[in-house]
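Chains here go by letter, A, B, C and D, matching the order in which they are written, and residues are numbered from 1 within each.
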Amino acid sequence: MSTHILTSDPTGAPPRTSSKPPGVLRRVWAQSEGRVGIVLTAVVVVLAVFGPLLAAPLTGYTPYQFADRPFAHSGVFGTDNLGRSVLARFLDGGRLLLLYSVLATALGMVVGGALGMLAAYARGWLDSVIMRLNDIVLAIPQLVFALLAITVLGPKGWVLVVVIGLTHAPRIARVARSATLRVINEDYIRAAEMYSVPRWRIIGREILPNIAGPLSVEAGLRLTYSIGAIASLSFLGLGMQPPTADWGLMINENRIALSVQPWGVLLSVFAIAVLTIGTNLLADAIARATAQTTVEE
Amino acid sequence: MIAKLIAKRLAVSVLILLAVSVIVFAATLLLPGDPARAILGQQATPERIAALNEQMHLDQPPVVRYFLWLGGLFTGDFGLSTSANAPVAVLLGERLGNSLVLMALAALISVPVGIAVGIFSALHRGRRSDSAVTWVTLALAALPEFVIGIGLITLFATSVLKILPAVTMSPPGQPVWLIPSQLVLPTLTLALVVAPYIARMMRATMIEVLDSGYIEMARLKGVPERRVIFRHALPHAIGPVAQVVAIQLAWLAGGVVVVEFLFRFPGMGQALIDAVNYRDVAVVQAVSMIVAAVYIVVNLAADIIGIMADPKLRSAAA
Amino acid sequence: SNGAGGGEHFQVEGPPRKGGILRVGLTGGSAADTADAHSPVNNGDIARTVNLYDPLLMRDDDYVLRPRLATSFKPNAAATVWTATLRTGVRFSDGSPLEPEDVVYTFKRITDKKDPKVIASGLTMLDDVVKTGPHTVEFRLSEPNSVLDDQIGQYAGGIVPRGYDPKKPIGTGPFVLESFAPGESTVLKPNPHYWGKTGPFVDEVRLLSFNDDDAVINALLSSQVDAVSQIPLALVEVIGSDERMAILNSKTGRWMPFTMRVDRPPFDDVRVRQAFRLVVDRQQMIDQVLSGFGQLGNDMYGILDPAYPKDIPQRTQDIAKAKELLAAAGHGNGLKVELVTAPIQSGVVEAAQVFAQQAKAADIDVSIRRVDSTTFFGDDYLQWDFAQDFWNSRNILGQTVAGTVKDAPFNETHWDNPRFERLAAQARGELDEAKRAKLIRQGQEMLFDEGGYIIWGFANQVDAYQKYVAGMKENATGIPLGGYNFNRVWIGEVS
Amino acid sequence: MTTAPPAAPGAAPAPGAAQPAPAGPADGADVVLRIDDLRIATTGDAEILHGISLSLRRGQLLGLVGESGSGKTTAGLACLGHFRAGLKHTGGSVTIWPRGGERIVVQELGEDALRQLRGARVAYIPQDPALSLNPAMRVGEQIREVLDVHRWGDSDAAREARVAEVLADVGLPSDRDYRRRWPHQLSGGQQQRIGIAMAFAMFPDVLILDEPTTGLDVSTQAHVLDTIRDMTRRNDVAGLYITHDLAVVAELADRVAVMLRGMLVEEGPVERVLHHPEHDYTKRLLEAVPDLAGRKAIGGDPYRDSPARIADDATAPPLLAARNIRLSYGEAQILDGIDLTLEPGECTMLLGESGSGKTTLSRCVAGLIDDYTGTVALESAQLAPSTRKRTAEQRSAIQYVFQSPFSSLNPRRTIGESLTVPLETSQRVPKARRRRVVEEALDAVRLGRSFFDRRPGDLSGGERQRAAIARALVNSPRVLVCDEVTSALDVSVQASIIGLLRRLREENGLAMLFVTHNITLARHIADNLAILNRGRIVDYGPVDDVFAHPTHAYTKALLADIPTL
């Protein structure tokens, strides 16, 4: 991911890349990574959003009804550890994962982005304080933090969102800070200072749009990690709780029968894999689309 | 100058570690549960509980306990495990060794492989082999470790090729590495998680370096390609790659938890999950501090490597 | 090692063969594992206790109390003094002989006020244990107890020598402790001084702890272990269909009740409790939670007790009736309750989910709150309004003393009924079996009608082992792998 | 070889035709390198060089001029057989006749042969030495490397001696300590001389110099140019000197070739091309080059004394007065007691080399830097150091235009949005009328209203600088501070901006502080000249006075070093 930013071009020729926002989507789509990423992500998102509606009509069972004995091979993908339809639960199991991942990412982006921009913009002691706090939080192992928080507060949805969101915040803050530092010395920021534009507006109108590139890349990456982290916690039994239908939890519940009734695990593993790969490809494609580097095949 | 710089990093690291210790200690205070009761059991009398509380300084105010604990850390005394009723150091010693073996193996594989793949890919930029590498590393980098692990188990242990053990299991008293086959899947899982990041970073750094003016100049001087890469380009990748390797090593210290859980590997991560479940505060604290220390040490090492690799800083020292 | 491919046949009949190593996979080990005779908690602890120590009496495969270190254990007419006659010629694993003083020491240790052990809760009436002869010991009680034999005939009541140190455990069991790494592994070697007539046949037993079922099954299937205790019931058929594997399916008295606190709303209204019991489809519970490996429950415990009232009609699901009762109790528009569950035993969390699903039909909205075991057994243990628990096979009176009298140490339903107390006290003083059975029946009827337990079934104990392992027998006590009686197990030869 | 009409590639001799090797091509015994109908295109098949033909002669320098993007670098690199990523060779050839060797057609060489050619027979001196020297290699080693890879001499000692020799040739110390320095331990001029030493180490036949002095200030440039001139003569090489600075060409080159959008429009002896240009483009280019004498009318009408200029009226306070401005960063005293005044309608040029404190001073005046001591007064009112503390009125009165048009406009916002910002904060104009005011300002800088909704990315550098100037105009300022507003632009664009500023001064009676390092602009725009050297004003007065009677040694040196056409 080269995030090389072309600063002032001494030649006087207009830069080759236009910086209009609508161009980004098109440029993402123009790359094969971007296309595959969008398609993979979209497939899983559609599955997660509309799956719950399809679960009962497609399988004849709700995700909570008993279809057969546990780990039986009836139905398309057999039954799970309680004899419920794997397919029905699979169709129902992506929604919360997706919702919480998006919320956690959003929280991390807001907190981390604000802190990072503030640190870079304010400089001086505030910068040092924020960055040292960052270092401290970074040094606390993410999983330990999650384990403790969940044990103390219980495995509730908001706890997951807050824990994952906050563990992302310092990393996002770093990115936001360095991106801000890269633009903060641009003369248009100085110009805004000169015209005595209110500082919050400088952050919002002059800085934010110009670091949107790296931030959106980071958002994509963080979404990937959020999905992984929440699924991992569910896999460890600390995330979503029974009887919820959830991909991570399904892996945890059905892992035991991996060798005899693998579908309860493999469907979910597959969906999580596709989703995370999709979002990661997307993040990478956004990175290429927003980095104003020279033409690369 | 350089010594001063390193000394400053060192001081900052120590301060961060101290801050982390405060946070870890405070967080573990919040854990519900009663250590004395956990040790003595459901039917313990209040007197015995009080006596044990006193023995473990649990009757003291948190601040005093923090300093007692911190003092203990310096002397290698991590406290008493409530679930095992034994010193944490004894409990963790062997497990720490196991985890380190696993992490070292994973690092030993992923770092050179990652670097080699990254360089290869950068040199073949734009070609088919490069885009294949890009796709694979992107996909692998996205996958949570348990997904990779389950994939490998399905592939090599339970469903397709039943050739490797799915779980770690050592005969009593034998270290895990005496049966190498059971280390294969956990190591591979960790390596597959870590290597893509290193490869991607290496590729990006190399490409940036290869695009720079001095590389073009070297070529225009007639310097052979091999020398361009190894003498002109590679030294510039040391710093950034040391950073990413450090981040990945630090990740290993934490990420090993899930992998150990998955493969039932008797390491630190296992101990951590057990300890949290059994409210074994001292063990949780110890593991947290160990992981934090690993994080800080590897990052410090990377910083120092970065400083040493930068001639500006190096020469300023002279 | 014993690794062997499928399809081979093994000589597992006829006279036992000596030699070999038995590797047993267990789940639930942790750093808290112990070899203490009197503090067994988990599966591994039990396996160690059973094989290192012997109690005075012990239940056999059919759940009948049999003499062990005591050749007889008899009450006086008032059931206030019990006399144990010790077996002669028994030696501890260090070679010292078993003497009455050791029995006295053992029970002092068990009932130590400062550090009471597991079975102490059933021995609250035990005033004193006194040596009365070279081979006799008297148990003097503060109140009559006709079932003291049941209380002391448990694996956690093993006799230890004076000066016992759990770190260097010495007992009279068939094995001695060779090495022990908590949460990981235990090695047992035959006890050279073993008094029993059968076994041990193997040269070594290794107990290997695994932290989850998944791992243990994988270990079995890949021949990393020879036998595993308690396989997930959902996998029994699959594992059984592997021609290398044998299944040991034992009916037991283990139950996993839902516990409703009779003193807290909404369960303080007996109609709500009745409605909840009517909501349960017990066969479905057994099918989904136990994969069919269980016996129907009828809201009364102690199915293995000869006094269990088998003739009380089986309660079945009746949603209409349940709704009626709920409406009468003022919950006509449905009812919302929280069910606290924890992975305290395999099947418990699953049962909660099945129950929640079944209760929906009667407009009962059960929200499941899953906590970890430590929290479950923490400060709020026995205080949850609506939760679950699990109990192993027990006789009815013993269970009553443990859980359903006012001062019972585990009165999780907070059952407190004067008439029931009287019946229980009378039964404990009654030495005549028939009369006692009558009293018990009356008490059971009360629990059937008004109690706070939902007892939907009794789970089978299902273990699996490689076919070359011989000497495994079904065992009703609920202790896995034939009661962990490894002294009768041997490794069969390829035939 | 004379002008090759770009549209007629057929006029060039067919590659490889009738050349009696190795003596040299038929049409000139001393031709060392010849480019024949060279065509280069992007991999996307857009042609960048449309058939260039050139010859380089031994001991002579050919200046290659043309505006940015015209393909100078591309042509220069092609002489080494190098094409930047994304470019490919589509036609034509480069032929070299090395001293005492066989004729070499560069395009026919394989990888190894090319490598042996580069750095040995054809050497390259890049534009930016700071980027072209490997920061992680000692400078001596980088020179030595050229000798190593080309197996020069027969021993290590010989090579070491050669390194020392060539270092001495370019006027650098040749001792071991110096050779063991890292690039960052050298100044820009020294770095460039290392580059030159590297290029001459192998006694090449051909030298390609790609704007080797662009990043340097005038005096350093003068030194480096001397070195280049001296070295080419002494080594008798053929040089291709790429630049956009016609004055440098006039000083240095023997012949000059002019490029326009990938085509060669004119080629000939310097005298002829610079004084009697034939092609229109060359003419326009020459017209746009400012001259020290101020005789040319760059950017339109020649400069006349502004009517608004009031002769020194001692009674009224000056419009803008800076008194005793001092500022230091740590140890470094950047500004050391500056006094400067500006009357209404007056333009003062602030001149000084890079790092002399020009930007710092002008930002102090504009209130962008607030930690100075001393006072800035507008008429008689003393101004707060920071713009944020100044009144809206005062803020509007002094406007600052940034050096780089590429960074002074927010790329994410439209020109209209950026230009409305000053109006928003000054609140001088009601919201409804803001668009009109901005459009008027766009008109004033000759951009037109259609630019309102465009983004900086779509604009050329000159257009952007106009937009930036328009932003300074929307609040009807009284003083305009222009910080090197033309130094990032091509000469022709620079000329038009100068013209624009001049018109604005006349039309609006603006006072102006014009900061630059280009002294040749003085007579085209300024009334007064202030020479800044190491934080002090060393010469200050009307332009003619300063030119006629420079008092300070620095000013004298400056005037002497300027290359002129």
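The definition used in the following text is that a residue touches a chain if its C-beta (ideal position, glycine included) is under 8 Å from a C-beta of that chain, and two chains touch if they have at least 3 such contacts.
To keep track of the chains, here are their UniProt names: A, B = ABC transporter permease subunit; D = ATP-binding cassette domain-containing protein.
A quick note: this is a predicted structure, and the numbers were derived from the prediction, not measured.
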Length of the shortest touching-chain route, chain C through to chain D: 2
Selected pair, greater C-beta contact count between A-D and A-C: A-D
Centre-to-centre distance between chain D and chain A (centres being mean Cα positions), rounded to whole Å: 46
Chain centre separation (chain B, chain C; CA means) in Å: 42
Centre distance in Å when chain B and chain D are each reduced to the mean of their C-alpha atoms: 51
Touching two or more other chains - residues of chain D: 85
Interface hub residues of chain B, defined as touching at least two other chains: 32, 158, 211, 261
Per-residue multi-chain contacts in chain C, two or more chains: 212, 214, 218, 372
Chain A contact footprint on chain D (complex, rising order): 43-44, 67-69, 85-86, 366-368, 387-388, 390, 395, 400, 402-404, 406-413, 418, 421-422, 424-426, 455-462, 471, 488-490, 493
List of chain D residues in touch with chain B within their complex: 77, 80, 82, 84-85, 114-120, 123-124, 126, 128, 131-137, 145-146, 149-150, 181-182, 184-185, 198
Chain A residues within the chain C interface of the complex: 64-66, 69-71, 81-83, 151, 154-155, 237, 241-243, 255-261
Parts of chain C lying in touch with chain A, wherever the complex brings them together: 212-214, 217-218, 221, 232-235, 238, 284, 287-289, 291-292, 343, 349-350, 352-354, 356-357, 368, 370-372
Complex interface listing, chain C residues touching chain B: 30-32, 39, 113-117, 120-121, 179, 181-187, 206, 208, 210-212, 214-215, 218-219, 222, 224-225, 372-375, 377-379, 381, 409
